[in-house]
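In order of appearance the chains are A, B, C and D, and numbering begins at 1 in each one.
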Amino acid sequence: MIELDNMAYSYGGGELLSGVSLQLQPGAFHFLTGPSGSGKTTFLRLCYGDLTATAGAVRLFGNDVRDLSRDDLAIMRRRIGVVHQDCQFLDHLPLYENIALPLTVSEQGGVEEAHLRELIQWVGLAKRARALPPELSGGERQRAALARAIIMSPDVILADEPTGNVDWEMSQRLLTLLIELNRLGKTVLIATHDLALIRAAKSQVQARVLRIANRKLQFAGADL
Amino acid sequence: MIELDNMAYSYGGGELLSGVSLQLQPGAFHFLTGPSGSGKTTFLRLCYGDLTATAGAVRLFGNDVRDLSRDDLAIMRRRIGVVHQDCQFLDHLPLYENIALPLTVSEQGGVEEAHLRELIQWVGLAKRARALPPELSGGERQRAALARAIIMSPDVILADEPTGNVDWEMSQRLLTLLIELNRLGKTVLIATHDLALIRAAKSQVQARVLRIANRKLQFAGADL
Amino acid sequence: MNPIQYVMSILEADTQADRVVPPTGHTVRLTLFSAAAMAFLAVFAMALSMATGRLAVRWGDELARSSTIRISAPAAQEAAQTEAALRVLSTTPGIKSARALTPEEEQALLEPWFGNGVLLSALPVPQLIEVIEEGDGYDVNGLRLRLQAEVPGATLDDHSQWRKPLIRAAYSLRRLGTLSLLLIGGTMAAIITLAATAALAANGQVIRVLRLVGATDSYIASAFVRRFTLRALIGGVIGTVIGMGAVFLLPGAQAEGGFLTGLGFQGWQWLWPLIIPPMGAVVAFFATRGAAMRTLRGLR
Amino acid sequence: MNPIQYVMSILEADTQADRVVPPTGHTVRLTLFSAAAMAFLAVFAMALSMATGRLAVRWGDELARSSTIRISAPAAQEAAQTEAALRVLSTTPGIKSARALTPEEEQALLEPWFGNGVLLSALPVPQLIEVIEEGDGYDVNGLRLRLQAEVPGATLDDHSQWRKPLIRAAYSLRRLGTLSLLLIGGTMAAIITLAATAALAANGQVIRVLRLVGATDSYIASAFVRRFTLRALIGGVIGTVIGMGAVFLLPGAQAEGGFLTGLGFQGWQWLWPLIIPPMGAVVAFFATRGAAMRTLRGLR
């Protein structure tokens, strides 16, 4: 699905990531950790073509990102659900319309009402569905971002710190949702600092843990 | 320092908080927990006069918030350092100027260069001091927000999820900073989901844990 | 579908597909207002331009195009010389008509000087010939030379001495009208462009979110373009209607048939301002498209 | 401190205290540009207004204020009647001067009709008296009656028949100039207001952050007010300078001394446009202050 081939990236100063190779297969479940500022968000942005590698290649569904036209990229993004670290919404639309936004812009016809309602229910936002994003709590926004990422049933789900602002029970609930999607064959990659979450996941699914350290991507050992 | 007297708050719908009473004494160290959407951020906003209680009274340094003029409130805020959940910065100013902003707007003369540099060093942002806020990682922004909150040596520090996006080591480091400030007599109130952080703090300082549940503020037992 | 339904359907289409663009806010209001303000000024510039144009045409026609030939000759030769002059004039290119004034007409002309009690026949009044030009007019010096040769008693007075400044004034007024029309049109385009660009810049966040959830460039651009073009069009219509109303209500706009009929439109000229709103919309269309594309190019 | 240093110090003060307000961006540019565009148009409106004002004054002075009295009497009585008429005129209120034309002047006046070969003395030319009015002018009917009684051969020709439309035209032009000045001034104020408001709305985030870190309302408002007022002033100066340059370079702006001296300023009139930039700044000052206070009132 997503292939990184000896990729490097720099924002202009020194290299932030270098010699990164990774293949995300359908059905894989990965965690991504690393100190704050090590490049986790950057890594994810490279994975959905928001940034272009300064060296090496990134292939999305078999296509090199550099060869994709802007429209191809937009259409490819509909197959990748992303939870951003700073959840960005359209502040003038109520929550449920924000969650349905990927469907709206794909012009693939309407939202399945029932599906949308069920999803909103699952992330615990049923009562807040008509609220505007600025009226939500931090955790509510994060849950909404996750709901928006998966509304299109994407093939790949990239989540950047999806549980940073929610309590332990809710984070378990969200994890369950992601694990269930993974069981349906979706590829999942979660960047997180929360080691407890990783431990909880490992007991339920065969998850691998990646770690960014010294500009390299490594597989973490069993010490977690 | 901050006194809440049988206070209630509602955003317009049902009551979110009710019958809340609390006295934050100089030198107190409190944690605030509660499920996502229970009203932690709302509680903090009430504590620094960003919201006005719908019933009961909130007193800052002995003054009822409702009686404060807008200018009084602004000046009082300089005695309260706040770390917001969604760290808001001036995107056109480099990080170090953003951290020094409370000093700039208080017009109390310049920043002590050395103090500012030391603080930036402590939160691990020395290398990023000249970056603009949009160029920072999530954790870097959070650390910057904490630095901005304490640059004025305020009497009270209110931190909303200050470690949601940073790794364990960094969160320990930030905790140490807050505990040190508390030892200097500052009042500290931290809203967080991170139970591990609370446990770590309890071993170093006499911290009390508040919990919002069913619209009430309770003291959590020793079960944490 | 009647026209009102059609317009309503456009307005409603906007509420459906373009919900992704914030519906109100200062930036949209700015576009609306600047389009309206500029349309308003443009209507006035147009009215000024038309009024001065009319004035120039009238002065041009009535004053510039006539001249006088005076035959001062002994009474016996006067008729013959008049004949000769008329013959010369009939073969001069650029002259539409030439005709000897009747004694009554001459008397009317001289009345201010002598009063109406004077018998013209008692005075050695020269015969006057009124010449009306056509096209680019005739060659004054050429005609003067021919008359000198063939009609010794004739003097050509082409009125240009004292009428030229009037003509100059009329044309300078007309240039002024055209100039203000151009200036205001240009400023209108610039302000609408800038308002649309600023409005779009203020919506950078919206564009970023849309791009992140997989919207194509053309989807995003056209959502903005529709909304802002519509706003510019509506603003333009409002400004134009108010402007036309104001011009209509201006004192002196009603044709008085005087020297200068005042600021205003006449007859079919009232149709001219109607091109202002579509032009504003076209400007907004390209400005918004350009700005949207520029913003989008900065994103991946 | 020389003036340039003084201006530079204002510009630099801005970079010091007002760094909290984003220095560039579309909204600031919008304020700058709309101030410039409006100043530019205002200069032209002012030039138009002054040109038409000049025209009205000249036509008013030269045409409206003179009339003619014709004395048609037997040669013997002519001198006496002229004397009598002048006496009447000297006691009529509203008349500045009255004087009999010399034979040479009369000949010059009649030349277009008779050519310059005619001896005036051979003609029964009436004596003409030129009357110059002052103030509100004299009572035409009253004077006519008095002349009828005291100078039987006198006829008063007050020129109003054919000159009135000219005067009307001049005043209608002048009204037009004033009207466009008012229109453009009003639009200028409205656009600057809206641009400043939109710019401020786009900076809502900045205001929120400043308020949260303990800035007082007056600190926030004045930071914005300084910046936007300065931008409006700079924009106004740029627009005014370009506008004045364009007016100066306009063909016909150089005094030709003709009927209409063309669009332009003369002498001290060049000072008038200099009030445009400060006026734009004042408008921006109040608009920004109002908008800042409104935004702030929404926050605690």
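Quick note on the criterion: a residue touches a chain if its C-beta (ideal position, glycine included) is under 8 Å from a C-beta of that chain, and two chains touch if they have at least 3 such contacts.
On a predicted model such as this, the values are computed, not experimentally measured, just so you know.
Undergrad: Going by the average position of its CA atoms, which chain sits the greatest distance from chain B?
TA: C
Undergrad: Roughly how many whole angstrom separate the Cα centroids of chain A and chain B?
TA: Here the centre of chain B sits 29 Å away from the centre of chain A.
Undergrad: Just curious, how far off is chain D from chain B if you go by their C-alpha centres, in Å?
TA: 62
Undergrad: So how far apart, in whole Å, are chain A and chain D when each is placed at the average of its C-alpha atoms?
TA: 67
Undergrad: If you look at chain C, which of its residues touch at least two other chains?
TA: Residues: none.
Undergrad: Which parts of chain B, given as residue numbers and ranges, touch two or more other chains?
TA: none
Undergrad: So with touch defined the way it is at the top, what topology do the chains form here? Options are line, ring, star, complete, other.
TA: Chain contacts: single closed ring, each chain with exactly two partners.
Undergrad: Chain pairs that touch, all of them, please.
TA: Listed in label order, the chain pairs in contact are A-B, A-C, B-D, C-D.
Undergrad: Using the touch definition from the top, list the residues of chain B that touch chain A in their complex.
TA: Listed in rising order, the residues are 11, 33-37, 40-42, 85-86, 124, 128, 135, 137-140, 143, 160-161, 164-170, 193, 195-196.
Undergrad: What does chain C use to touch chain A in their complex?
TA: So the residues of chain C in touch with chain A come to 19-20, 22-23, 205-206, 208-219, 296, 300.
Undergrad: In the complex of these two chains, what residues of chain C are touching chain D?
TA: Residues 25-27, 29-30, 33-34, 37-38, 40-41, 44, 48, 68, 70, 72, 109-110, 112-115, 117-118, 122-126, 128, 155, 157, 165-166, 168-169, 172-173, 176, 179-180, 183-184, 187, 190-191, 194-195, 197-199, 201-202, 250, 252, 258-260, 262-263.
Undergrad: Contact residues on chain B for chain D in the complex?
TA: 49-52, 70-71, 73-75, 77-78, 82, 84, 88-93, 97, 101-102, 104-107, 148, 152
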